[in-house]
Amino acid sequence: MIKVGIIGSTGYAGQELVRLLLQHKEARIVWFGSKSYIDKKYYEVFQNMFQLVDATCMDDNMEELAENVDVIFTATPQGLCASLVNSDILSKVKIIDLSADFRIKDVSIYEEWYGITHQSPQFIHEAVYGLCEINRDQIKKARLIANPGCYPTCTTLSVYPLLKEGLIDPDSVIIDAKSGTSGAGRSAKLGNLFCEVNENMKAYGVANHRHTPEIEEQLSYAAGQDMKINFTPHLVPMNRGILITAYGNLKQKVTYDEVEAVYDKYYKNEYFIRVLDKGICPETRWVEGSNFVDVNFVIDSRTNRIIMMGAMDNLVKGAAGQAVQNMNVMFGLEENSGLQLVPMFP
Amino acid sequence: MIKVGIIGSTGYAGQELVRLLLQHKEARIVWFGSKSYIDKKYYEVFQNMFQLVDATCMDDNMEELAENVDVIFTATPQGLCASLVNSDILSKVKIIDLSADFRIKDVSIYEEWYGITHQSPQFIHEAVYGLCEINRDQIKKARLIANPGCYPTCTTLSVYPLLKEGLIDPDSVIIDAKSGTSGAGRSAKLGNLFCEVNENMKAYGVANHRHTPEIEEQLSYAAGQDMKINFTPHLVPMNRGILITAYGNLKQKVTYDEVEAVYDKYYKNEYFIRVLDKGICPETRWVEGSNFVDVNFVIDSRTNRIIMMGAMDNLVKGAAGQAVQNMNVMFGLEENSGLQLVPMFP
Amino acid sequence: MIKVGIIGSTGYAGQELVRLLLQHKEARIVWFGSKSYIDKKYYEVFQNMFQLVDATCMDDNMEELAENVDVIFTATPQGLCASLVNSDILSKVKIIDLSADFRIKDVSIYEEWYGITHQSPQFIHEAVYGLCEINRDQIKKARLIANPGCYPTCTTLSVYPLLKEGLIDPDSVIIDAKSGTSGAGRSAKLGNLFCEVNENMKAYGVANHRHTPEIEEQLSYAAGQDMKINFTPHLVPMNRGILITAYGNLKQKVTYDEVEAVYDKYYKNEYFIRVLDKGICPETRWVEGSNFVDVNFVIDSRTNRIIMMGAMDNLVKGAAGQAVQNMNVMFGLEENSGLQLVPMFP
Amino acid sequence: MIKVGIIGSTGYAGQELVRLLLQHKEARIVWFGSKSYIDKKYYEVFQNMFQLVDATCMDDNMEELAENVDVIFTATPQGLCASLVNSDILSKVKIIDLSADFRIKDVSIYEEWYGITHQSPQFIHEAVYGLCEINRDQIKKARLIANPGCYPTCTTLSVYPLLKEGLIDPDSVIIDAKSGTSGAGRSAKLGNLFCEVNENMKAYGVANHRHTPEIEEQLSYAAGQDMKINFTPHLVPMNRGILITAYGNLKQKVTYDEVEAVYDKYYKNEYFIRVLDKGICPETRWVEGSNFVDVNFVIDSRTNRIIMMGAMDNLVKGAAGQAVQNMNVMFGLEENSGLQLVPMFP
């Protein structure tokens, strides 16, 4: 039984971790960290946990946690994990960080886009980017996982095979992304009020969203060259779900079967990536509550572009589910252990 | 391993049965019945099931099913189950009927409110009303279960203890109910279109909704006398969830502790009924996707009335989850087997 | 041309006042008060006003305002209007207060339910409760209007005729109310975040909501006796709209035609109250954006109760629209001037 | 007073025409055509019109209509207007067709994308594409207006100035569009049910949506050369609103001020096009219920692309409002007559 500590258990991603781990046969949460609700019963914050969780929220003490648990999940604002971690801790416990602190290898890019000074640059090199479908082998041996961002996960998995196989021009990639509102977090901001979000759509962070360099780094690995992309996220009035519509110029004419074969080459044996049947567009409702990413593509022969699409639940595969998947790989469990949840519809 | 056949697997309740049974360790669905989608892959109707269900939709043949499965769920329109069942079938297989056909003991009341002639009145007496928290012992021995309606489940469980203990005047009970839209079913009706339901609230079936006699029958058992109630359902723009606000006149002054003790007497050991802490109102978000019913009450000493509230997921405890709970009881499994789902929020 | 000043123009009700008054031929807003956004362009707060309003938000100075405008609307938190108003101001300008400060005649009840000390009890007697359909003649001569609350407006108009005519037992009245989320205001509270409200229903303020004594006072006038009611508001995931479902015991058997005649007696000539055709339930979508209140009723002969229903837009007839209606009456304009907006659907 | 007949008054666009024209001082609807609801009171179909419209729905008889009205709006499925119109009718009455029948000049393209044979190709040449901001002069003299599609309107107005001034590469244009659900029409289809649309996002019509050739034709006029674009529409869970995110490669480096000057050149005097302040992204909530199109842009110097954005209400500027705007221009009225509606928020 893996003993788990969560730092930041009362945000949306933290609470989703709790939901998933309660249903995981081989893990047990022993520490519900929450700076905002110290000494409060966890179920008083989230009544769905009433009679399921009796624990009380604790302060964030990574040193103490390292003595008592096998793995720490940090579902906290940028900068916190980097400010808490040290060599001693890393020698005692595995860490899966859901923030962006260890995702970007070039610390100057991190500091530029996030506007903060990195407190632990010495661990960036060691940290493994926790996209199991691509970095599984390194994850197995990792002590520190940088759990990928929601947009980067869905984007990378949708576009990776075609870049890797050189079918599309790396300079042409445009990512138009749409997200439900839980991605904006659980802090009380005017812009996230029901009446401000409901019956509304907008783009935000146009040409300057922080997930841009993370996506670029991952896609650059696939393309084997430095890439710059356009990334435009949009806010949509729904709770959960991310949808990616990606555009790329085809380097040469390809058939549907050729592209399908490329996706199959990479994803045929991936439990969590479902390459849909021809003509079926990914929809967020079909993955809600699950760790699946549904992907598909359409070739537009009129413009010689390909449209690549991906849908996933931002709180599961885009955050807590992927974190649990990383835990499973790190501890030698079945990769889908605790994650065989059937998507809930409607 | 219990072999399961579902007649009507492509409505919202039928699909929820599939979702729950796929996650049930001791049951296996072997028949996905659907008159509308015969010979179509089940996952083509519900893409959430892609790579999880490979089966093809079958016609409704209860005779053949009875030879091949241990239990049949009928999630079909009123009248169908009653038209298919017979003695031979009942001798071979257990039936859990999610329609109203066998819920009301007085066939003339059924025929009046539903406007159809009952095709199998001879089985009404035998059928057991499948509210496990109240009729557990009979359910254990039953061959034919009348799975309760969504509104009657939430109402009865919210009001039952106070009527049973004689704290409220049976003639004073008023039920104001609110439901998400999945309760209206999956047929293509103008009134259920997104733009007709979204940003709207309305009452419907005022003073003539078909669940009225079902509720009255169950509450009458509790009160030990014939009851007439007011029942007003409302449609609310959300997918899942039922909320009951029930009003009753207190026969005499009572304290909070006295009423709490009454709820505890009946529900203390019930896994699926959560009597919330003092002052916490039930909310549908805290039970979504789960088989829980959250209940609570407020005493209004100014008017000498008590307000009883209940919240549940209409597709789980109000339909498919309760049906699985009944199956568990009938087959001697743990009552919450396959139903220990943590409510999903947000 | 009536010169208008608004104190509190950047809440939802204040912004709705702006929307309505911009379309009013005989009024012009000259003062956009907003403590939170002083010196900011109004359209920067509400981009819908871009190129329609060029004004800058001003501090709240009622003394100065009184010199410069004909009427002041206060769309501010409880207590503010009472703390600003004085005899000098009232001698110079008419005031329409959208808060609760002057709605309740018994100051001790106000102070008990609102938990604050009334700063200007000397004006309570003079203030006129601004429900035009009932108090039109006093409103014509008033200097100070207490603009009714949203729930009290919809409730009173739905129930008034039957109480006035003595058809229902005053002791039996139960009000089950449902509201969209704009009624909760525009402050950044966790409970009003999109993900907390969407896909959820709940009751709140059960047996202690502040609108209770206001409703009781108005209904008591109708009944000609002191009344206590049950009032239970619910929050529903939509922007605008209030729906009232009211229950009362009939004193004696009545026919549909008799009750319809009673409603006609009071509302036949009321532009803003639409008594719907037999069998049509009020729905909030049919009044959205307008000042209409749609009402209707169903007699339940089985229980000898009557169900009275009302639907309106909480920001229009429940706040800003009613305030404009009051202004029209006070200044001798056509009562529906600027308020002939066709409800917007969908 | 302009006498108006509407053929197809009971779809969403038709009903919106009624809403707008009821508030238009110089027009009066004398014919509410609706094949589906002949002889039914119009308000029985749309209860928002109760006590505002007393008319009865009529069959579609364009010959008879031509004798009695000044202008006919056809808000009908593709093909109907083309099958009804003839020279005699056109000599008597002006026609504003909200369908696609006369939007595309090359009849073979129309027939290929719509899959139907055009019944009146002889009038295509004469028909004027009713985008007032671009074709105002021809509209003044037109007898037959092809009212633009919703996506083409928002796209063309967002992208037009930059193409016209040659700032972007015509071969690089990608349009990622998002729409509320009223754009899907009011027919009872499974895919448009509340529970299918709510809490979901999806792309549809990828690389084959019918609005593609219409957009391409209009953009080609602007660019002065034949253009092919990528156009990907998405369905979003909200009633009203279209948001366009368009991408183009800049031919050379440009500054913010240079691009702003280009937009100003074309839109400075356009009442209905609002070029937002620097850094403000268009949002659908700020135009809801109005005829405004809000546009803006962001230059991404990292990729040398420009992101152009537009937001509007699909039922107003994307359908009925634009049709009324065309009517105003055709009849020599103020162009914003009846259309000075303040956007409704929230």
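Chains here go by letter, A, B, C and D, matching the order in which they are written, and residues are numbered from 1 within each.
Note that a residue touches a chain if its C-beta (ideal position, glycine included) is under 8 Å from a C-beta of that chain, and two chains touch if they have at least 3 such contacts.
Quick caveat: nothing in here was measured; it's all calculated off a predicted structure.
Seen from the Cα centre of chain D, the chain whose own Cα centre is farthest off is B. Chain A and chain B have centres, each the mean of its CA atoms, that are 37 Å apart. For the pair chain B and chain D, the distance between mean C-alpha positions equals 46 Å. Centres computed as Cα averages put chain A at a distance of 39 Å from chain D.
Annotation for chain C: residues 12, 182, 195-196, 198-199, 237-240, 283, 285, 288, 346 touch two or more other chains.
Taken as a graph of touching chains, this assembly is fully connected, with contact between every pair of chains. On the side of chain A, the complex with chain B involves touching residues 12, 15, 18-19, 22-23, 46-52, 182, 199, 239-240, 274, 276, 280, 283, 285-290, 294, 340-346.
Note for the complex: chain A touches chain D at residues 174, 176, 178, 180, 195-196, 198-204, 206-207, 228-230, 232, 234, 236-241, 243, 245, 247, 281-285, 288, 298-300, 302-303, 305, 307, 309, 311, 346.
Only residues 12, 181-182, 186, 188-190, 192-199, 237-239 of chain A touch chain C when the two sit together in their complex.
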